[in-house]
């Protein structure tokens, strides 16, 4: 069995008096396709905010690749190999699409390399996303799905060991969902560990090797997609009947 | 009781035309689903009805209690005053205002102000989570919570015609079902006419009376009833993963 | 005993001065805090109102505060006009509020020149029975004196703050005003005309200049450029209180007023600006959105 | 020489504060200078040539001054330069003048030549060889009647006021006064009552104030409101000589003991022609509808005088020879609308002639009362005194 | 090859031009006017590094400039330091101030940052007002050396023998060199990693951080460079004016111009501030000696309003749009 790439140990997060995460403990193994589900407001985004460093957890510890992330800034975590997408896309709107990709390439994965190489690299990522012909366009003209793809492409450009995708498929049609799922699976096959947060069950279950479910900030179930789908708690809190 | 009739609508952004001769009807008290893959113009159509985009040709007529109102020349404010509300794509909440303040703003139009207490109660009943979080800033709510607030806020204006752009985006499965159910209830209990763009076909079909499929800015298929829609080949290939 | 007397007097003076500052800042708190219009010309427009007060007082013998009241609707209309220009030429094209700064700098210069051409550059004052007089109370051997002109400033500023913040928090218009800079499109979906809301709110902000101008000429001598003196102060106050919070502005003004008065009394007035702006920096270091800020960091 | 060269006018160039903080003074000065131009031209001009003024607005910003003087000398080719109004606007012009080795007349500068030691600089401010000290010397002489032991000093945090106060500290020490309060206030101060209370808490016998117009008005009011036991209050309050402030402050001024340069008291006859000049100025303001100081006592005679000295010197020398003109000015005692003038080595006045006035009998806010004798009585110098100093409180 | 180094060659040519101008005896007015304009090129270029690239609006330009000015004065008072020493130390200390400001205000965004920088400028001015060693509020006058030397070479000697005939020519050249250097620095930043990182910060700071951009570090570097350049611009002031008091050194004008000039020119590229400051600076200089009344201010006011309305992305942005 592969090593645990990410260890989340009793992570707690409060907003004022409200507890968004309470002692969440889990592990993600290297190379794994990992699903994170849970009802709205259960703390999924909060958890990955804590992992990626946009929030600091109030309690517990997060260990990535043997390294304690406590006190580590977000960009250092990115350099260490954790990248996330945002639930609501946040492109660098004053730049072209390819320049959006150049940022993580230049600052993380291809730091110090020549500009031409960086551009080639960015182009090849855009190609895998099917967005190559839009490389030099502004982000303002993009459709929802294109924005989502850009969000993913930019994250992938950082060449993360662990990619966290926060609802990359919300609002996409069935075919488009399949398309994005396939992209993620391809990257996983190249060795990238991926955490997928999604409410589209078809995608999560098809994609994930293992799934955890949060409810009201607590971990309520963990297991293979099959087990999760049959779990009574998950059904009650999340899936409905 | 309200009815919406769109004829030969042409609209777009700048020089790019997105809708080409779209005609569509939403009958009194019905729920009509608008289907179509991304970027085909569903949101654009809704924006036209709400007055956010000025169409270049065609007509939009709103029939209400015998009156026939031409919406093309009306401002968004006038359109809201007629009793038409839009739940926009991307929610567009006021992130720095609290849940309650967002709701209150929903009742801005004169006709809605009188019924504000009743409306708030209704919304809190519809989405109890909002009642729990009435003092929280909308911007710090989770994605799904924001979606609930967006629908609730539109309801605050006591609309006769409600346009909903993708109500179930980002909702947990259990909530998708609930949300669609609530929309169905809404239409019944409050007698609201509803035009709804929705990607989750399986859910939409549960409440929709009819539907349209829009492809590249043109109506590719107009169904007579729900069954008609479910049987359509395009629907099968887009949504049912055939 | 003597110390206590000084201290209490200093506190009273600080509170009154804070009231004066609040009167200067309230309008800006609306234009800048709620509408994102970086109206750096605000103090200069107040000077304009002060000159008008001077004229009314000098030519017609109208009491300055009454003159301020008369000017309020005039400045409301003026605000409507200015906003229409700002919108027409600027806001409609660009969303970046800070670019508006250049616009308002321009407005500041233009306003100053107009005043120079109409009124000249000499200092102006007004007279009224209560100017130069104070209410004196002797309590347990300590003498407290409250200058009427500052008392007037305090009372009027307090009433303005209460009135405006009540109106904004309880009316539909007020709620729309606090939402308008967050999402204009969404607001129009609520059935409010965002441009109209902004125009009225901006005009309301400038309407406060009427009374603020009257207070200004009661408190200090004015000349066309004197508005520049207060740019730092009014922006500091609005930011200290937190953008978007009218009561916050009053609190910010009181804090700066009291700080200035205490420093002037006990440490030498020369250090007052360093202390006032030091307080601002200190607060921002711990609360980056000001005391009552809404949490956004525009 | 040819008659056409003869007819070419002599140009006198300068920068003047027409906008910005000192514009009030600057505009007043400019009008006086225009009167001088008309006067001299009507008398045949300088060495038989008409005089023309060339001037630019320095916006009260020293940064603009070097460029303006370079333009005047090199592009406009003026024959003479004189300064703008005030120390910090004279200073940046000094190197330009020195560089070109031309006579440079200054208006209300303090110690501008102390470091340069330039032999062609002369300035008009009747404050004696050491202007900072000389400025308040008479004030301290005047208040000897009160036999003070302690003094409080306050000045605006600005160039002129701080220099005045430094001079006052020297005078106070020379008189053996104990300094119980010595602070500065920022020019933007809005409320002065805390300062006045802090001063009162030190119970000074006299209170020396060096302030700018804003502060002067604020302090006068705060003193009226809070009151003080100090016997003499004032000294270096700039702005109380201006029409707008005098009229606006009205009775609140009573009791203030301040410096002045020229007041409409009968004993001021030693300034020949000043009364006529001021009448001319006041008439000009009225007829031309100028938006400058209505009375013009503060700067008009002095701005007139610094050109007058230049004009007299040029006419005496008979040609445009800066070396000779400077020598002549150094050697001569001039008589102008500000009385007799003699310059020191560094171009300052050889004796101090500031007058000390006390505001008395002001009943209302009517401006015209200040144009008549009796509201600003001269306390010092003794040869022209029209009253004796009374305590501040006795006049309230 | 030539194509590639076009900008560098341009810099050298500009520098040579500055030097040649000092060698032909022009009307002296042009040196003074030129000095003022070049100083603004330097200031607005410096401002734009943080404000234009990084989106952090610095309202406290006057603070950095004033600091530079007063460091120079203190050094002159202390041991009669030469101008190059003044520039280096003033630049270093203003850079340090930038570092300090960066740390104090690192959590602040948008207008909160702008007002905080303004506050720092006011605090600094208050300190200088009370610091009698450098003249305090009373101001101080500086006597520039008659024949300044640099590394043993006489720079200025009115009798010939020095490189420059006169101090003003020397100061003009020096300011030209500094301005060109600042433009070179700004351009290097713009086309480098730092510039792209700052751009990402401007667009969305949180996303930038998550994409591996060390936002704090970049902001600090930008604040330090920007501050140091402003300090350098201030350091030349005492020698130019020979008398400095705090209102002059901490003038509001600096805050206005340092912001208005890049905005008029265009904030997203190095040439914007250069165009803006040359344009507005020239108009200002010309207006002083032509219109020379309050109308002066009116014209500047109208210009500001007209430019931001006609060209919301600056002149450079306007041209680029036209060419598209």
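Read from first to last, the chains carry the letters A, B, C, D and E; within each, the first residue is number 1.
In this text, a contact is a pair of C-beta atoms (placed from the backbone, for glycine too) under 8 Å apart; a residue touches a chain by one contact, two chains touch by 3 or more.
Computed from a prediction, not measured in an experiment: that's the story for all the values here.
**Q** What are the chains that subunit C and subunit E both touch?
**A** Joint contacts, listed by label: D.
**Q** Looking at CA centres, what chain is most distant from subunit A?
**A** It is D.
**Q** So, comparing C-alpha centroids, which chain is the farthest one from subunit B?
**A** D
**Q** Starting from the mean Cα coordinates of subunit B and subunit C, work out the distance between those two points in Å.
**A** 43
**Q** Report the inter-centroid distance (CA atoms only) between subunit A and subunit C in whole Å.
**A** A distance of 48 Å separates the two centres.
**Q** Report, in whole Å, the distance between the mean C-alpha point of subunit D and the mean C-alpha point of subunit E.
**A** Between these chains, centre-to-centre, one finds 36 Å.
**Q** Of all the residues in subunit A, which ones touch at least 2 other chains?
**A** Answer for subunit A, listing residues that touch two or more other chains: there are none.
**Q** If I count partner chains per residue in subunit C, which residues reach a count of at least 2?
**A** 116-117, 270, 273 - these are the residues of subunit C that touch more than one other chain.
**Q** Specify, in ascending order, the residues of subunit B that touch 2 or more different other chains.
**A** Counting only residues that touch two or more other chains, subunit B contributes none.
**Q** Quick one: which chain pairs are touching?
**A** The set of touching chain pairs is A-B, A-E, B-C, C-D, C-E, D-E.
**Q** Mind pulling up the subunit E residues that touch subunit D in the complex?
**A** Residues 27-29, 31-33, 36, 126, 129-130, 136-139, 141, 143-144, 166-168, 240-248, 251, 253, 285, 288-289, 292-294, 296-297.
**Q** Would you pull the subunit E residues touching subunit A in the complex into a rising list?
**A** 193, 196-197, 199-200, 202-204, 206-216, 268
**Q** So in the complex, the part of subunit A that touches subunit E is made up of which residues?
**A** 52-54, 73-76, 78-79, 83-84, 86, 90-95, 99, 102-104, 106-108, 154-155, 158
**Q** Write out the stretch or stretches of subunit E touching subunit C in their complex.
**A** For subunit E paired with subunit C, touching residues are 57, 104-105, 107-112, 114-116, 118-120, 122-123, 125-127, 129-130, 252, 256, 259-260, 263-264, 294-295, 297-298, 300-305, 307-309, 312-313.
**Q** For subunit D, which residues count as touching subunit C in their complex?
**A** Residues in contact with subunit C: 19-21, 23-24, 27, 157, 183-191, 193-195, 197-198, 201, 213-214, 217-218, 221-222, 224-227, 239, 242-245, 247-252, 290-293, 365.
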